[in-house]
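The two complexes that follow have chain A in common; it is paired with chain B in the first and with chain C in the second.
Take a look at the complex of A and B:
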């Protein structure tokens, strides 16, 4: 009868895993709730208010249940909550597809999942969902604080997994192990971040809501539209000049050029686009790097007047530079500007005619004023001078809060309210010029900018939005005239804040007397800019530049992947070396004993695996009678230290001393 | 993912031989060095890898620079956890200890002494054999004895067999394990029959009654070769001291005046296991009653005797009855 053990079927390890204690211990649960809370917190501003509140309530409820040691609610309630939440998401967004409703549903799912955790597998699923939600925050916000919060969230999630794998560990040990793992993950992140081959997205069509709403100039201008922007300290773009930046009076960043006027609103006319500018860049040259915040339009907002550079641009016939696609993400451009270039020397007659039209029956007082001013003038130059002189002397007031104006907006500004923001000045000037047959147009854009003393970047904000005018003079082409400067020259020289009358409310950070606040803001913005340029701006192009700098070809992906793999493997090798080194760093008492056993093994008396220290000592003393005394002492000393309670360093010293005195 | 859990036996056997280099039982201590620790992702690890792929594709599609960073960081932590899982087993040394014999139906306890020489705790370890798992932690720089309690269903020698030490620490994403066959076995005695009939009478059987029963032990008859289980009082110490072989003194009293428990005296209709069960019960009764008893099995006979050693020898003979000769050598 042959024996054939074992006959019984094995239980599979998978069955073992699920049969582990299902309910969370209190500390495991707290870590899990903590990981979820840290993950969802940065989502709160972007989620619909009711959903953010619901998530908060669900998290609180879970924490309360855990604290009281009660069981999670029955599945039916969770299903009903999930259904109600989905209906809410459908009602809020009108559909289920796309990024925003998807993120909202996932946030709801994460909170509900937390309420129905029954096994170790549920914990892992929750943590994986947390990881994805940490990524989802970056759809809306990739700023430095959000990134730090995501790192913290990852650390908490890792500790949650540690708490799950090792329920017996102390919190301190968990945090320590988590931090070690986290630190060891960072070299891999750095290598892969820099060297993982980047592909320019999107891989598939983005949903319509992929890019966030953005503020900025629009392609039309009516009274009040620019003064609205001036309330915002949000950054429109940054410029980093190679060499000195142009003086403030030259800092005109050109946006849409508006030619058609319906009596109230200025609009950009259709223009032709070409690959080269219609002017010949001449004069002084300024090279700079422009980093545009997404504004959803094609305008480059280049400094007047952009010349040809490595960046392929489109040039409109009205001299503004355009990109081939709307700016939906932060974009970096290498540009050059020639502020002294004459433009429009051979402007086509059709364009000039378009720059003369005025709507019938609007602003009769202004037209009468213009005719009176132009009376007896020899040429357009003289008319221009007279109009400028009139505007300068007529006591118009520059203000952030212009009063509302009615149908004849220019008349109301010039003769009635006499208070206005740049769009009122520009509009009034162009109407006056056109009324007497001088081609003129409104240019919208930004004027000025603030030099950040920390990193030397010129920061241009929405509050720097501006409107000015251009007139066309035979032989001189289009000439820039800034009517605002006539009433408030400080606006151009030193910015909005100094140009406003005293007592006018300003946004907090624009106030002159809060120097420390401005300094703090400069520092923060320099840091954000570095972050934007180095980290967020690291795209396929930057990666190619880096490859070139490292001495590879621009498209040498093989080398890139090779270097990346090599570095990852060496990091892994270092980790394994660390693991082995940790192993050698073992118990000093054990080390003493091992060295003693090793010495005797070399003499031909190895310790048998089953022999305890005392038995071994006895056998040795029989084999080496001349050393019997010391051998027995060493064995007894080791046994006493090993088995007689916690060994002290004195025990180890004694043992070491005895072993070193042994002369075989 | 669970290579070890593969139920397809031929594949398992091939893996054991070629990958894990399992063959015959290993001598103690079994040191867990680099080449015998294996790592593979668990189901959770594979789920994480899938999520990371989704996160990577999302980052590419929406050009999320930080998304790349986060994905790579979590991936890096996952890779680092491989090393931690490996390190949690690395350098352990395992010594299987003696297994106490048990009666079939009782639980066999396989004790293992596991030495942790590192000055750090080793958490969340598991020891598995015969489908039974014990989870344990090892304190820093210490030795702990871990027992695996396996139910027994068949008499004979129950080798420890394929033994696995595994860990899913630190994140549960990676399983590190090692496989070995320790050189220990549990001796499983047959289940004693319940309510067995009383012991056969002293003169039960043939030939026994013919000899006069005299003063028993005192009457030295002959010397025979020493057999395991013989009482030390009966060993011919003088002969041994002279450098001779180990011999046992045979006394006239031992040939008679004892209970002879014989396989062949049991009814023919009885099957082998029931016979062994009955004989086991009788051996135990006889020992308890203080009677001298002899056991005769096909191919093996134990001379009459008494005491712990004799009882053990009889039970061992009963446990191993019919087993191939080779397995008897493994008897502890």
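Take a look at the complex of A and C:
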């Protein structure tokens, strides 16, 4: 006498195909909306604001309809919405071509698709679109958080597919099988990542999107232009030293050299470029690897003074290293620096003359001061010492918020406000030197940098932007003078934060007292640097390097494809072997029964997990009366073998025989 | 064939108690598993008749004890009375000294009297005046309780409910069964006319056979999983004890025997489970009895492997 179970109605697959429910179950719908939301979330910053809002509203509306159990709106409304959205995209971008309008349109259609799902095929199409959108986010952003978010989106989408395939499974089972499927994909991902032939440059680098906006130094400098940068904790570049890095006072990263002055703004003069530097590198040598963030300019920002390396560099006559084209994407360079090298020993007279010109009628007080200081001096060396001494003792204050200065900016700084940032100091010094006939120029760049204790990289931020000066002395060449150091020596020794007067506001991340925040930032930056170097920096050259180390010839693509296929097949083989081993671990009787239950489950009569063999057999015999006899026999046979003591091989043979004779 | 005996007995009982085949089987399984039975239902659905029928069919001595609030332990166990002739106390056994006891409305008696009965059920002996007296064998108690009328009653504490192997409800008869009942003969006469269909030896054979019903390892796994499910369920005040696990297994064995099998199937366990576990489990919080749906949910949460 069997127990009466509350009967759950089950549709057979045939019945399901004909009378397809018009909408999703709440559970499946929530998974689908979740997958879409997770997929679109990383796109939000790149989509036009109105479109992101529209997508949010559509998703919310879908969730609300699902919650209230109402049907989605009729197709006509969706068509109108799609048309209006397309017009909006056309108006925002001006055209439909290129990746940005394409991604925007896809995002809109994905949200609309959710509102018109009618069949299992629609769900699969939506999920495939989700997969594509997870890929498309890398068009815009390839950072670690976005990659993690995209992977998470993939996982959710896989679980959604599982929810669609097996509505009866519990959430835990779905998440578990989704995670297992996901984990099984990882070896393939790694094999393809390492071995798939790399193509230089992004495939989607369409001309319209090529110029990436970037912050950083510019080739002109006026009062306030560098102190603006100092508010930004954004990373300008990273340097990884092979061996110990130079001491902080030697860390001058050379940017544009500015020679021409119009009274207010310093500009870089046209310079000649050569393939070799004009100086002979001597003295101590530091080798390092520089990773530049895109800044849209050609300068390398190398540590003074770059020697010849494997990287082909251009050298300006003002001693800054240049690349042949602007840095539009993250660039890695192997460099070496010789900080003790003398430069400009035989500087051409024209260059020296250019380093002496001052505009007429500007900064008269300063010129008078310089003339007074230089009075009776024997040579340029002595003038230099006197100017330095004057600047050191005249009580100038280093500050992030210098007061605005008028037409005669140097006069105002030296005699009136007496407060300034590095550009004020450098500019004033150079004007003073030029006024008395000593060639001098302003050098912009970065100074210092912070060692990340996690990975040992020196991180240089926009806030490390700096301006200093160079004077030319006969017999000694160009000498670096940092006038800022005269007023605020700590700026050079230990960074901006310690050099500012107490009480001056600093960006949050630069504050010294938030140790945990700094530590967190160090860890995060080390992690994202590793991501940049190892994953994003894995370009054709590095792939070739790696493959050569593994013993492949230079252009041995055939062998490479063979190895790639072989590895994928062997990973697949290993997964299959593991699965069948898991299956075989069960005893033969259980395997027999599982195959029987599996067969009937495919016919639309799965065994409930709690259902005993006889109860299942009885239910089956009622559903399939034409096979009642054999179904009951199989169930009884299994029940006896399983629960009536140790099953013999004869029992298993009998059961196998009965199951194989069953023709459904 | 011990199973034949069971069939014979059930057939005879089924002719008197109509349309209650499953309840009769459960009651018989309880008897075969040497357990006591608690019948919980409103008056007049045949609780007393059930006890009478079993006494008659098995040829057991039968005693009915009507529990009331003024019933004293001595009233059921017996008293020692001074005998003038022998100048000593003589023990007069109470109604408890019978093979089948019907303890009617057990929750009307005071806890003291209840515990006298329940102790006797567990120990199968009574102690009076410092002497220990064995109760007859077999000793089978069918206790009844009226769940509807709780005023002036002393509900049995959980520890004492545990003494009952099973709890069943009879419920109203089906339409056809009731019609047959209304049109047929007076049940009391039918019971009185009924002679025994099973001898004492045959009953003992049944009980021994139930003990030998095989329990395979996968079934033990299943029972353990069930016990574990009751212990891990946060909606329950406490899970089933190991003693309850033994009771579940004993009841399942007896049920499998009645079904004519020499081994226990998960279906047997599932069938007796609500009756073995129902009165042993309580909801966390207010300690109310578990609704039947919750028991089914518990069963459905444990997979048969």
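Everything that follows uses one rule, which is that the second predicted complex is superposed on the first by the 533 of 664 C-alpha atoms of A that agree within 3 Å, B and C clash if a C-alpha of one lies under 4 Å from a C-alpha of the other, contacts with A are read in each partner's own complex, and residues count from 1 in each chain.
Convention: a residue touches a chain if its C-beta (ideal position, glycine included) is under 8 Å from a C-beta of that chain, and two chains touch if they have at least 3 such contacts.
Since the model is a prediction, treat every value here as computed from it, not as a measurement.
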Which superposed partner A:147 touches (first chain B, second chain C, both, neither): first
More chain A residues in contact [chain B versus chain C]: B
Which of chain B and chain C A:545 touches, first, second, both or neither: neither
Touching partner for A:610 - first (chain B), second (chain C), both, neither: both
Touching partner for A:262 - first (chain B), second (chain C), both, neither: neither
Partner chain in contact with A:622 - chain B first, chain C second, else both or neither: neither
Partner chain in contact with A:228 - chain B first, chain C second, else both or neither: neither
Partner chain in contact with A:135 - chain B first, chain C second, else both or neither: first
Partner chain(s) touched by A:334 [first = chain B, second = chain C, both, neither]: neither
Set of chain A residues, in rising order, touched by both chain B and chain C: 1-3, 5-6, 590, 609-610
For the chain A and chain B complex, residues of the former touching the latter: 1-3, 5-14, 16, 99, 120-121, 124-125, 128, 131-132, 134-135, 138-139, 142, 146-147, 150-151, 154, 158, 161-162, 164-166, 168-169, 173, 177, 181-182, 184-189, 192-193, 196, 198-204, 206, 210, 329, 535-539, 568, 572, 575-576, 578-580, 582-583, 585-587, 589-590, 609-610
List of chain B residues in touch with chain A within their complex: 2, 4-5, 7, 27-29, 34, 43-44, 47-48, 51, 54-55, 57-81, 83-84, 86-87, 90-91, 95, 117-121, 123-124, 128, 130-131, 133, 137, 141, 153-154, 156-159, 161, 166, 168-173, 272, 322-324, 327
Contact set on chain A toward chain C in their complex: 1-3, 5-6, 590, 608-615, 639-640, 642-646
Chain C - residues contacting chain A, complex: 21-22, 25, 214, 216, 218-219, 259, 262-267, 270-271, 296, 299-305
